[in-house]
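Should a chain be cited, it is by its letter among A, B, C and D, assigned in written order, with residues numbered from 1 in that chain.
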Amino acid sequence: MATPIPSTDYLPPAAAANDRPREECGVCGIYGHPYAAKITYFGLFSLQHRGQESAGIVVSDGEQIRQHKGMGLVPEVFSEEDLGRLQGHLAVGHVRYSTTGASHITNAQPFVATHRGSTLAVAHNGNLVNIRSLRDELESQGSIFQSTMDSEVVVHLLARCLDMELDQAIVETFRLIKGAYSILLMTKDKLVAVRDPGGFRPLCLGRLNNGSYIVASETCALDLVEAQYIRDVEPGEVLIIDQQGLRSLHLEQNQPPSFCIFEHVYFARPDSDIFGINVYQSRKRMGEILARECPIEADLVMPFPDSGNYAAIGYAQASGIPLEMGVIRNHYVGRTFIQPTQSMRDFSVRVKLNPIRSFLENKRVIIMEDSIIRGTTARSRVQSLRGIGVKEVHMVISCPPTRNPCYYGIDFPSCEELVANQKTVEQIRDYLDLDTLYYLSLEGLVEATGAPAENFCKACFDGNYPVPPDRDFRKNVLGCGGSTLACPGRKQ
Amino acid sequence: MATPIPSTDYLPPAAAANDRPREECGVCGIYGHPYAAKITYFGLFSLQHRGQESAGIVVSDGEQIRQHKGMGLVPEVFSEEDLGRLQGHLAVGHVRYSTTGASHITNAQPFVATHRGSTLAVAHNGNLVNIRSLRDELESQGSIFQSTMDSEVVVHLLARCLDMELDQAIVETFRLIKGAYSILLMTKDKLVAVRDPGGFRPLCLGRLNNGSYIVASETCALDLVEAQYIRDVEPGEVLIIDQQGLRSLHLEQNQPPSFCIFEHVYFARPDSDIFGINVYQSRKRMGEILARECPIEADLVMPFPDSGNYAAIGYAQASGIPLEMGVIRNHYVGRTFIQPTQSMRDFSVRVKLNPIRSFLENKRVIIMEDSIIRGTTARSRVQSLRGIGVKEVHMVISCPPTRNPCYYGIDFPSCEELVANQKTVEQIRDYLDLDTLYYLSLEGLVEATGAPAENFCKACFDGNYPVPPDRDFRKNVLGCGGSTLACPGRKQ
Amino acid sequence: MATPIPSTDYLPPAAAANDRPREECGVCGIYGHPYAAKITYFGLFSLQHRGQESAGIVVSDGEQIRQHKGMGLVPEVFSEEDLGRLQGHLAVGHVRYSTTGASHITNAQPFVATHRGSTLAVAHNGNLVNIRSLRDELESQGSIFQSTMDSEVVVHLLARCLDMELDQAIVETFRLIKGAYSILLMTKDKLVAVRDPGGFRPLCLGRLNNGSYIVASETCALDLVEAQYIRDVEPGEVLIIDQQGLRSLHLEQNQPPSFCIFEHVYFARPDSDIFGINVYQSRKRMGEILARECPIEADLVMPFPDSGNYAAIGYAQASGIPLEMGVIRNHYVGRTFIQPTQSMRDFSVRVKLNPIRSFLENKRVIIMEDSIIRGTTARSRVQSLRGIGVKEVHMVISCPPTRNPCYYGIDFPSCEELVANQKTVEQIRDYLDLDTLYYLSLEGLVEATGAPAENFCKACFDGNYPVPPDRDFRKNVLGCGGSTLACPGRKQ
Amino acid sequence: MATPIPSTDYLPPAAAANDRPREECGVCGIYGHPYAAKITYFGLFSLQHRGQESAGIVVSDGEQIRQHKGMGLVPEVFSEEDLGRLQGHLAVGHVRYSTTGASHITNAQPFVATHRGSTLAVAHNGNLVNIRSLRDELESQGSIFQSTMDSEVVVHLLARCLDMELDQAIVETFRLIKGAYSILLMTKDKLVAVRDPGGFRPLCLGRLNNGSYIVASETCALDLVEAQYIRDVEPGEVLIIDQQGLRSLHLEQNQPPSFCIFEHVYFARPDSDIFGINVYQSRKRMGEILARECPIEADLVMPFPDSGNYAAIGYAQASGIPLEMGVIRNHYVGRTFIQPTQSMRDFSVRVKLNPIRSFLENKRVIIMEDSIIRGTTARSRVQSLRGIGVKEVHMVISCPPTRNPCYYGIDFPSCEELVANQKTVEQIRDYLDLDTLYYLSLEGLVEATGAPAENFCKACFDGNYPVPPDRDFRKNVLGCGGSTLACPGRKQ
C-alpha cells in the first residue's frame, strides 16, 4: 500500500552540489490531441533508449495541470489507469538516463513549479554550461533549489520574466543560458519548444492524423504514433504552439550549427533521421569507410549485437568478408542479477552474449564495435573469444578514439577513465589483447554522415568545444580538473 | 522494479492554489544520537495517530544530508535498509495526515531545499494564517513553488535572511509569520525547534540515556524511545541545539497562550501529557463532569472503541451506571476494501465494530462519543444499534458542539458540513434518531483540563479566534466564504 | 509482474513429516447466492482472528470450479478483480493460523483435487488424531502427498469411496477418521458440512436474506453478512446442501459432546455465540467469579487490551474496584518491525501498549489476563509497570493453569514451554515478579459458561482427553515424548 | 506483505481435464556442487527461451529437500536470498512455457510429492501420449490429482514401485509411459535423468570444474556455467548420479531415434549443439539451401530480428544479395501494454520492430522467416512494409509448411489455426499479400542438419508420427477431432 520513494536521496554538501555527471535524455510533447498523455507515452516509449532511469508526463486540459512521474522504464511507470487520469490535449514527457548508482525521484522530469498562479512544466535534453553562475546569481536573489537539475534553473529564470509576454520572457530567459538544450516548456495552454543556437541535440516536429502537433527528440517517436515528419526544430528556434496554431521566434544567433556527431555514432536509434540524415545508413557507411581505411585479412566480421550491427554490415559488404552473428544474445537479461559463483569467470559477457564455440573455434575474427569508452567491456569480450579458441581477434571501431569529455549532454566518464585519453591506440590494442585494432578516422566519420564537417560538434574526438563552459563547470561538474580543456587529443 | 509515485498529482489552477484543507501533523527531531534516524523512526511511529498519509526523515552526519520520504504509514515507508542508509547524529522527521482523496508525494515533509550551498530541512505542524500574502510577496520577488506546503514558504523566507547569523535569521523570519506552528528546522549541524507565541500545537523536549536531545509533538514519543521528559518548548521559544549544547531565544510575544483544547478532546494520545496535563485523566474527567451535568437513566454506558473509552470510564464511575464494551472491534480492518453486496446495509459500521445482539437486545444504552463532526458516522452507529433491538439509545458527547472551522492546523470540514453549525442540538438528536443527546458544556470541558480557560484556544466551540487570519485565507483556504468569522455559534 | 511464492518451502524428511504443530482455522461456506465468493470473503474477514497466515476461496457455478489462495490476511489476498473472477453460487473459504516461522502456500486451504473428473474442495478446522496411521495406510496403497495437511488425507479417503453415493461415501470416510473436525466439503454442485461426534470446534448454520445458506465457524461471520442464525451444526452431523435443499445425516455417535472450553476463554470472538453461549457474557462472568474466588485490595483493575477487557469489566463490577484503561494501544503496529536500539529495553511491550506513567505511578494495580502460556509476555508487562513506579502489581487469570497440550486443533507450545506444566502457581508468581497471582478455578470457569461440565473438553486444564490420539501422534505431532498423556496436571 | 497466487486458478470440469495444450519446457539438474541451486539458476536462465511462464528449483542437502517456485522469468522468481535458503549439493530446476492465457502456480514444476517418507521431485520436458489411460488407471486405484501435469502422473506411477530398488522402479515405471520425455528425477540423494527411446527432446550431460555433474536441455546452459560438454543423454537411457558416481541403464528400445527437427528450425538457441549438430550452422545452411532452391531477384534480404537472422545470413552469402537489418527492434518491450489509440494501425508490429522508411522505400525486399504458424504476424509485417513504400515484398521460409500438430511437446495451435493446414502455398501468398513466397523443401531441411532423414521426427511437416498417441489424446488433448492423424499434408 505504501509507495516509498525507492532510493534514499543524497543531498550533497554545498561545494559538491553541481558535481554530478549529467545525462542524456529524451523529450516528447503533444498539442491538440484528445489523448495527449497516451500519445506522449508512446513517444517516450520509442525514446526509451535515451533514458531508462525515470519517466514523467505532465498534461493540461487548458485549465488544470496534472502530472505523473516515477523511477523505471516507461511501461513500468505508467499504468492504463494513470494515463486515464492524465486528461488533456496538451502534454510534455521526459525520459532520463541513469548513469550513476543513485537515482532520485526529485530529479525526475518534467520539472513543475507554480509562480503567481501560473504553472510551468519543463522537460530538458542537453546540458547548460553556465549553470553554476546562473544558480549563484539566482541564489543571491533569494532562490532556493530542491534538485540539481538544469530545468529548475530554467524555471527560476523564466519566473523572473513572467510579467512580460511569454514570447519576450522566453527570449530574455534563453539569452542568459549557454550550452546545449532541446527544451519543451508547457503552460496550461501553450506548448513551447526551444533548441539552442548550436542545435547540439536533435529535436523534430511532426503532425498526427488529426492535425495535432508532436515535438520529439527523434523521428522514431513519430513513426510509432504514425505522425508525419514535418521538419527539425531549427537551431536557435523557439516554436510556440497554442490555439492560434504554430509560430516561430528565433534566439539571437551568432553561432554556427554544432550537431553532436556522437548521436550518429552511438546514441540515436538507427531508424531515426537525425540532423536530416538516416542513422542506419550513416552507420553502415562508417563500416564501409572502415573497410576502405583499414583492410584486414580474416574469416568473418562480427558485431556484438546490437550496437555494432550496422557498421558490421557495411564493413562486410565493402570488404567481401562474410558477416556472421557469432555471439548469441540472451533476451531475458534484466536489471537485477544474482552474483555468479567464483568458477564462472566469463560470466559478465556470457550472461548477455554467448559466443558459439563450435562455430568460432580456429577462426580469424573481426569484431565491429561502435566505440570504446573505458575498454573494460571490450577487454572481457576479447578474453571470452580467446577462451573458446578463436585464432585471431581483430577489432575495428566505427569512430575515432574518444578522448575528451562532453559538456553538452552526453555523460562520458572522466578523462582519467576514458581509455583513449590515457593510452595510445597501440597501448589500447595491447590492453585489449587484440591482434590488430583500427579506429575510423574523423574525416571518415564525417564522410559517413554525408554532411560538411563544420556542421558538427566533434569535441569528444578533437577537443574543440564550440561553446566554452564556465571554468567552474569544468572543475565542478566534470571533475576533470582545471586543465580539462587543454587535455590534448593524442595522435592515433 | 519501478517505483512510480503512486497517485497522479493534481496541480491546481492559479486561483485555487491555496484552496486545500490543511492538516494536523506530527514532528520529531533528534540531536546527538549515533542512530538518530532510527530513534526518529520510533518517535514518528508513536506519533502515527497525528498523520497517516506520508512520512519522512532527513538526517545529517555533520557534512552530508540524506533523506527518505514516502506515502503510507511509518513502517511501510521505512525498511531497515533505508534507515541504515540514513547515517548521522542529527535528524528531523514528519508524519502527515491525509484528509483529502489526493495524496501527493510532492507534499510529503520534511521539506528540503538548498540555498547557496546550505541545505535546510523543515518539518511543520500547524497552519500559517498569512500564508497567502507571504507567498504573493515572495512570488513578486521571483520565487517559484513546487508544493502547497507552509514549509516551503518558511524555507523561502529563511533563505532571504541566510546572510545573517542563524539566530537572527530565524527571529527575522518568524517575525513575518502569523499562525500556529510547531516547527523543526535542520541544517547540516543544527537542530532548531520553534513554537509560535500562542503555542497552539504541543511540542516537548526530552533527553535520551546517552544525553542526546529529542524534540517531539507529544510525550508518548519520548516514552517509546525511553527518553526523559524535560519540559515543553515554550510558546514563542526558539530552541537551538548544536555542538555547543542547547540555547534558547524568544520571539517577541504580545500574545497570551492559545493552547488547542481539541488536542485534549480528541487529537492527542491518552498516554501523552499535553500542555502539562495528562490526556487520559482529562478525558476521564470530561466523562465525570458529563455524568454530573447530564444524568441519564440507563442500563449501561458504552463507548465505540477506542475514542470514547476514557470519558465512558469517567461517566460510568461518576454515575454508577455499568460500563460495558458492547461493540467488538475487528482488528484486521485495512485501508482498501471490497464493496459489500446490496443486502449488507449496516456494512460500514459492522466491518469495524460489531454490536453484540444477544447482550444489547432490549437494553437502555448510553453511547459515549468524543465529538460529532458531520454526524454521519454517529447516525449509522445508532441505526445499527436500533437494528439489533436496543430499547433506548442515549448519546453523550465529551465536548460542546463543534460549530466553527479551525485555522490553526486541524482539518475540520467546511461550516456547511459541520452538523452543529447547521443544526440545533435538538435537530441533531432527531437526525441521529436518539432518545436523548447531551453535549459537555464549554465550562465543563475547561474544568476537565484543570487549567484556566484563558490558556486555551476554544475557537471551534466559541468562534473566538486568537490570531485573526488574513481575509484571503478564510476565503481561499477554508472555502467558507467571507463571512466565516462571523458564522455565529448557535445556542444549544 | 512475477509473483513468486514468498517463502521457500521446506519439505521435511520422512520421519519428521508429521512433526509440525497444527493450527486453529476458520471456515465459511455459501450455497445459493449469486455472489457466493464475495459473501464468503466477508465471512472469512470476520473469522480472521482464527487464522492470519493464508486465505483461500473455491467457488463453483455448477459446472466449473475456480480457486484463489494466497499468503496473508483476507483483504491482502483478494482484490475486487480476484473476487470478480470467482463466479458461482457455491463457495467454501478458509483462513489458516500461522504458528511457525515457515508459511507454505502448499499448505493453504481449501485443498482441491480431482479424481475421475470430479473435483473436491475441502476446508478443515480441527485436528485428526489418527492422521499418521491413515496416511500410512493410504501410502501403502500407493497414495502420494504434496502437503502436510489433514485435508489432503480426507480427500484421499473420500476418493476411494467415490463409486458410492456421496452420502454413503462421506459416512464411510468419516467412520475412519478420529479427532476434531469441522469440515466443509464442496463438489461442483453440493456443499457439505461435517462436524465430528464430539463437536470440539464450533460450526453454525445461517440463512441470508435471499434464502441462501451459510455455514461458518462462528456466528460473528453471520452478523457481518446480515445472515440469520438458524442453529449449530450438531456434533456428528453431516449437512448436505444442494438443489434439493438441505438434508442431514448422522455419523455413528458413541461419544458425548466435547466442546472446547478454551474457545470461550480465548479463541472465539466475544460477539459470537459459541456452543449456544454468548462469549462476551461468559468472559464477563469469568471476571465476576474471579472477584468472588480471589478478592484483592487494590486501586484499580486493568486489562492489557483487548484480550482481558471483558473479564476485567466483570471483575470490576463484582468487586467495586474501578476499571481503568491504564495502557494505551498503538493501533498502527504492523507485522514487520525495525529492530530497536539497545537502550530501548521495554520496546517489545511499549511498541504496542504504553502504560500511562502519570496515571499509574504509586497505584496498586490488578491486571486481568485471559491466560498465561509461556509467561514471557506477562513477565515483560509486569516489568514495564514496575519500571514506571506502579506500587503493587497483582494478576488474575480468567482460566485455570494451562498445563497440557491440545490434540484437537489449538496449537499450544510443547509441555516444556507451558509455564504451568513446569512451575507451581507460586513459582509462576515469583517468575512474573507479582505481588499476588490468582487463577480462576475449573469449576468457576465451567460456571461462567452456564453449561454442564460434562459438555466440555477441558483437557488443557485437567488432562482428560475425550478422544485418545494414536501413540505416534503424541510422539511425532506434538513432540512431547511418549509420556505426554501422563504428564500430570499439578495442583495449584 | 501478502503474496497472493497471481491468477485465479481454473479447475476444468471432468471431461475437459486433459483438454489443454501442452508446453515446451527446459530442465537443468546438478549433482555434487556446493551451490547446486545457484548453478541450476544460471542453467535455467540460459534455458529461459524454452519457458517463460514459471520457474522452480528443488534442492537437497542429502537430508532435507527444499523448493522455491513462482510465476515469471527466472530472475523475477528467485532472489539472492531465495537461493541462499536453497542449500544443498543436489538440485533440479524447470522453466515452463506459457501458451495459454491462464497461468497456474499449481502447474509450476518441478513437481514434488512425498510417499512413505520419501520425497520425489520431477522436472519434465516433453509430452506423454498415453497420459489419459495412465491417469484413468491410477484414479481407478484411488489416486487423486491436483494439477494437469504429466509429471504428477509420473510420480504416481513411481510411488507404486517404490518398494523395489530405484533402478527397477524406474524401468518398471517408464515401461508404462509412451511419448516424448526428457525427465529429471530427484530423491534426497540421487539425481536421475531419463530420455525416451525416441529421444524427441534434447538432453545433455556435462561436467563442471569441481567435478560435479550437470544435465540440461541444451548445451547453452553448460556454456554459461562453464561446464564441459561430455555427451548427450542417449535415447532410452536412464542416467543415475549419486555418491557412487554415474551409472547408466537402458529402457527397452524397439524404436529408432526420432529427434525433433523443429528444435533446429526454431526452438533451440543457435549457440546450442542439438542432437550433436550446431544450431547456428544448421540454420545458416537452411538459408543457403533456400537460396539454391528458390532464387529471387531483389535488392536486399532481411530478417525480422532475431528469429530469421541466421538463415538470412546463409541466404545472403549464397545468393550474393546484400543482407540488411532494415527493421529496428525496440529492446524495451515488456509484457504488459497500454492499448494504442485508434489512429495507430501498425502498432502491433512497430512497437517491437520499426521498419526504416528512408532506407526501404522503393526497394525490392526478401524477408526471411523461420516458419509461419497462423500467418497473422507475417501478414502484419508485410502490411507494415507495404505501408512505407517497399516496392516488392518476397518471403522465404526456412522450413516446409507446418501442417500438423505436434504430440511430443511443442504447442502448435489446432489444425484449423495452422495456416498451412488450411491453405495452399499460393493461397498463403495471397493472404500475406506477398509478391512471392517460398518454403524450404523437407529434403533441404534435412540436408541442412547434415544428419540422415530417418533420425528425425518430421511429423509437423509430413504427418508421420513415430509414436502413435492414444485415440483420446488426439481428441481431448489436442482438440483436433478424431481425424487429426489423417489430416493430410497438402502438396506445396
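Methods note: contacts are C-beta pairs under 8 Å (C-beta built on N, C-alpha and C of every residue); 3 or more make two chains touch, one makes a residue touch a chain.
The structure displayed is predicted, hence computed values, not measured ones.
Comparing the CA-atom centres of all chains against that of chain C, the greatest distance is found for A.
Taking each chain's centre as the average of its CA atoms, chain B and chain D sit 61 Å apart. Centroids built from CA atoms put chain B at 47 Å from chain A. The centroid of the Cα atoms in chain B and the matching centroid in chain C are 39 Å apart.
Residue positions of chain B touching 2 or more other chains: 73, 76, 78, 334, 336. Listed by chain label, the pairs that touch are A-B, A-D, B-C, C-D.
Chain A meets chain D in the complex at residues 35, 38-39, 41-42, 45-46, 48-49, 52, 73-76, 78, 80, 83, 208-210, 220, 223-226, 269-271, 273, 278, 280-281, 306, 309-310, 313, 316-317, 322-332, 334, 336-341, 343-347, 350-351, 354-359.
By the touch criterion stated above, chain B contacts chain A in their complex at residues 1-6, 8-15, 17, 63-73, 76-79, 82, 85-86, 105, 112-120, 136, 139-146, 155-156, 159-160, 188, 334-336.
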